[in-house]
Amino acid sequence: MTSAPAAPETRSPLRIVLWAAAIAVVLAVLPWVLDPYQSILIAYGLVMAIAVLGFNLLLGYSGLLSFGHSAYFGVGAYAVAFMVKYLRVESMELFILGAVAASALVTALFGYVCVRYTRIFFSILTLALSQVLWSLAFKFFWVTGGTDGLRVPTPKLLGVGMAEGDDKIRFLTHGYYYYVLAVFIACVAVMWVVVHSPFGKALQAIRDNETRARFVGLRVRAYRFVAFLLSGVFTGIAGALWVPLNGLTTPDILYWPFSGEIVFMAVLGGFRNFTGPIVGAVVFNYLKTYAIGFTVYWQALLGITLMVLVLVLPTGIVGTARLLWARARRRTS
Amino acid sequence: MNLLETRALTKYFGDTHAVDRVDFTIGEGEVVALIGSNGAGKTTLVNLISGLVPPDSGRILLRDADVTHQRVHRRIEAGIARSFQIVNLFDELTLLDNVALSVFAREKMTRYFWTLADRHAAVWEEAHAILGQFGLGEKASTLAGGIAQGERKLLDVAVAYALRPRLLFLDEPTSGVSTREKAPIMDVISAIVRSQKITAVVIEHDMDIIFKYSDRIVVMHQGAILASGSPEEIRRNETVKDAVFGPSHA
Amino acid sequence: MDILTVHLFNALLYASVLFLIAGGLSLIYGVMRIVNLAHGNLFAIGAFTTASAVGVWFAGSSSAWLFLLVPIGAVAAAAIGAVVEPTLLRRFYRRPEEYQLLVTFGLLMLLEDLLRFLWGPYPISASVLFEKVGSLHVGEFIYPRYNLLVIATGVLAALFLWAFVYRTKFGVVLRATSQDMRRASALGVNVNLVYVEAFTIGCFMAGLGGAIIAPSQPAVLGMGVDALVLSFIVVVIGGLGSLEGALVGAFIVGVIREIGISLFPEMELAVLYVIAAGVLFVRPAGLFGRTA
Amino acid sequence: MSNRPTRRDFLSQLGVTTAAMAVGSVAGAGLAGIAQAQEKPKGTIPDKPFKIGHMTFFTGAGAVLGEPMYKGNVLAAEEINAQGGLLGKRKIEILKADEAAGTDANTKEMRRLKLSEHIDMFMGITSSGNTPALGPVAEELKLLTIFIDGCTDFLFDKAVPNPRYIFRITNIQSADGSTCAVGVAQTWPNIKTYANIHPDYAYGRNCFDHFGIVTKKLLPNAKSVSEAWPKLFSTDFTPHITKTLAAKPELLVTSLWGGDYVAFYKQALQYGLFDKMKVATTLALGSAPQSIGKDHPEGVLTGVHANYYFTYPAGNRWPLNKTFVEKYKARWNEYPNFQAEGAYTATYALKTALEKANKLTGGWPDDDAIISQLEGMMIAGPGGYVYIRPDNHQGYKDAITGFSKNVPEYPFPILDPNRIITIPIRNITAPPGWPKGEPTSTYTWIEQTWPQMKA
């Protein structure tokens, strides 16, 4: 980091819980206030937030930039699609379990190779390995449906399916929305504990200074491996939640530019903050949707946004907001 | 019984004999100063023993147990800790976190990803206490990247000390700080080492400090041990004077 | 046996183009330690520029003149490189790699749309040259002469680059900078100049790869993103930062692709990726790689 | 058909005809035309615009095939708007969306169009990878939809077996492979070996399957000796061509289309592929006609998606086509392809349905009323009559294919007017009520009911 270290987070746990509860309540009320389309967008945002939260355990807390997180997202999504296609599973809970198992397996395999390296080599390795999965999903037509992808019908939530004749949009904006919200809250809570646990401290220590971390007795690779695993599983869960929302999965979500989008979201929100990835994911989802509606050159728009972010606001939305907030407070006091 | 013993420990860097068949021993409770001119092999010797670099040949025995090829974390479990000549800290963590991390690591708690670190009050108390011992208590919640060099040197030692080692290597604990600050730093460190009866090896250049704080002095020259003895003996040793301080030295 | 010759030509054809792209990527990394994710777009810019120069702007000119126009794509890519390095990338050398990757990812998105803005949404082809040079007989088969030209260009580029890096004064400076930028700087090397030159050469190579295939394949949107993955596979097999690695990697990929399509039509490219993954598991730094 | 008929008998039984014949007249209650005079609508009609979301390929290699679809839609909308709009009041407004964004993005975009832009109807889609994804979404959204292409059997076989809101106007995909195979059986009955090059996605697989099953029935001696599956929107077919040449087949079957086919034939020419074997295609001349150059070899069985080619039915026999081609040429300065015709016909099918529904109930008809009019509709389009089957919402019209030929009137090859092959669609697709099959209902229907020719 080029910027001077900022003051650490010193807010009291009670205040954090209150804030989180307030935000959760707002999110819970949204489907009743917003039109269905907006609710669906928020649901997409929350799903991506889980993925980016996982991703950021590596980038923000372990200092490892993965350019291959599309792989674990895709594994989660395809795990669900395979369970539908081959096992006729309908239960969302089983989907999530399956996605956790599948993404843990793949992440363990990839992690075994990748955590031996850091910096650019880590990024390149994660990217290259993720593209192996992309090519498999893409070419194994008879298993994966190739570019046509696999459809996933409406799942059963806690054993309850969509009522016959019920409106799918209503299902998505209410039943499924709350399911996503619940999983999201659980994931945020878990990740909060992870990054504030002794393990989380160890990761940050390794990020700051690998040599010294070794000399306080940390087995650096083992820690990176576990972080990689957790990160991948979170992203896999997001993939599983994403499929029913989207209705189908195609190799597009395994292609490397999707990994780039995940990185984009983290940077947009600010990867040195716990909340940055969440904000980044939700905002990016809006940004992209409206950029596409606004101009055919939406890619250029996003590209320029990214370059400006990196050049001018490397701490992202949350980092910048905090800075401004701190400055304003200093001025008033 | 010797706490640590090396046998014909050797490390080459290309053609340079950084450490050349060194037999180095240190007894329980000793405070030894390791001296020698730049490039004499002092830091390399410490790097070999602490596990930063692997030796080319020779053995390292800790209480007669062979640790030559053990991984760093095993050596730390066995009680070997070190500080660094060029300060090695977790700059984006607070002072308290820096020390607490050692405590967590020592207690094998860093693998806990399911409990909040803040919940382990005993660890934080201990970390606070250690910071207090090193006179850093007031800056506990400052980021390590944002304190003065002298304080960083102390913190570096505190991080190593928090591992509760039996054998502590201090690689130039006062390098890079002003002469005026050196003695206070050494006073703090020395008080802790002596009171906790830690066996320590100090690499140092400042002769005043060496003579004041060490029980024994080991002199290295061109990768080999030239002499070993009490401060008085070393002071009188002519070979040492020539090799270490140069012939022109007084 | 003739068919094997044709297969070999195909493999070399693919390898030549890939070497140009991946070689440029690797050269840039070797000297400046940055991985340019927008590298594939420079390949695309080369293809689009040449395709429209030959197929649209100067369509109908004499074929000799059109042949001279082919390298224009490489020049265009090099020009973009010469602008982008000092104005944008230079700010990032001292910052962590994640920012370098991100800024080039942003550049990728920008360039992708720049292509669409400048050349519109449709494929552009310059097949007139491809047709003009005709085909030659390889036993009972016939083979497009143009493809042999592409192979020759790839081989020449490799020779040229080798001579350039190992046999010229600039090559010495380049290698010195690559090994230790600070020391080179202390010895009076103008590092900024070396960087812009190296980056421009790398972009030139990618652009040349695009330019040279424009007559035989249409230039389409998205070709840059696809090309980047393949050149990653090449450098992953060969080792990032090594020109020899890029050469060998490109050859391996060319051969595997040809074999894959012939013997495993259902798997095709997947074979390539699986083999690349195999290399990664055994030798993560690639066959010619150096890590730190 | 139990005792083995000869091939010639069977082909004539199928109703396969070569050379241009008059379009068979079909009488029926549902018959509607696109050129009917407009009656005054009953009841009050709102005058807010009728929004159609139109998604097709506007960029990339798919655009030469897909974009004419939009142009056909726009042409029809402009004609209708010039008369005051739908039911004389509601002007059609078309919102474009680019199908090239990818299947995931497309489903999102369809949702956005309905939920955020509040479109009244959805049209378009070229790729058969996209309709099975979008069909269920349209049903979920209760969005009235006429897919123009994306004609995979899978859509109504599996993805949406009981469609309510979605329809599809162009012929079902299995007709492509079957028509191609029938064309081959009739033209080159002595073929023993054939090779395949198909794009690696739903359409390529479907063509491969149906060409295979029909050929197995009609030409039992013919064997597939080579397969190549290039990625859709590839530009380099060098290894696929080489592989095909190495297998030395008598015939190459390919379902490459759009920009892919253009790149393919140009590369294949330099490898002399067309000199070494016959070539049969399913969709080669389906793209915008001007996208194929005069360097394209003649005598290739050039498919048009078994749907429509702008020179057939010739103007003197079917005025609807003559005026459509003229108007399209005047508006867009190019000739229409089957997708332009499909979108044009679909727009008029909507208009007709609205008018009939209005006549029954008055006012602006709701979606259910429109749907019940579309179901079973028989409409005369530029390419002939299209029948929309009520059970699966699929449009059916006679399948056609032909042979490439250069003529002085056009700067591109056209279907040889003297050798056009037409097949009544009902004879090569599964009838209503046939059980859903794998890979398609039509496949199992052909497999189980067609007689096996003698070797």
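A, B, C and D are the chain letters, set down in written order, and residue numbers restart from 1 in every chain.
Convention: a contact is a pair of C-beta atoms (placed from the backbone, for glycine too) under 8 Å apart; a residue touches a chain by one contact, two chains touch by 3 or more.
Remember, predicted model here, so these are calculated numbers, not experimental data.
Student: Both chain B and chain C are touched by which chains?
Tutor: Intersection of chain B and chain C contact lists gives A.
Student: Can you name the chain that lies farthest from chain B, using the mean of each chain's Cα atoms as its centre?
Tutor: Farthest by centroid: D.
Student: When the C-alpha atoms of chain A and chain C are each averaged to a single point, how far apart are the two points in Å?
Tutor: 33
Student: Could you put a whole-Å number on the gap between the CA centroids of chain A and chain D?
Tutor: Taking the average C-alpha coordinate of chain A and of chain D, the gap between them is 41 Å.
Student: Just how far, in Å, is the C-alpha centre of chain B from the one of chain A?
Tutor: 43
Student: Specify, in ascending order, the residues of chain C that touch 2 or more different other chains.
Tutor: 116, 266, 268-269
Student: Please list all residues of chain D that touch 2 or more other chains.
Tutor: Within chain D, residues 200, 229, 231 contact more than one other chain.
Student: Who touches whom among the chains?
Tutor: Contact pairs between chains: A-B, A-C, A-D, C-D.
Student: Which residues of chain B touch chain A once you look at their complex with the stated criterion?
Tutor: The contact residues of chain B facing chain A are 50, 52, 71-73, 76-77, 81-82, 84, 88-94, 97-98, 100-102, 104-106, 109-118, 120, 123, 141, 143, 145-146, 159-160, 162-163.
Student: If you look only at chain A, which of its residues touch chain D in the complex?
Tutor: Chain A reaches chain D through residues 35-37, 40, 138-139, 141, 146-149, 151, 167-169, 246-250, 252-253, 289, 292-293, 296.
Student: Quick one: in the complex, what on chain C touches chain D?
Tutor: Residue positions touching the partner: 3, 6-7, 10, 13-14, 116, 121-123, 125, 127, 130-131, 134-135, 141-144, 146-147, 213, 216-218, 220-223, 257-258, 261-262, 265-266, 268-269.
Student: Inside the complex, what are the residues of chain C that reach chain A?
Tutor: 29, 33, 35, 37, 88, 91-92, 94-99, 101-103, 105-114, 116-117, 225, 229, 232-233, 235-236, 240, 266-270, 272-274, 276-277, 280-281, 284-285, 291
Student: For the complex, give me every residue of chain D touching chain A.
Tutor: 98, 101-105, 107-109, 111-112, 115-116, 128-129, 132-133, 136-137, 139-142, 159, 200-202, 205, 229, 231-232
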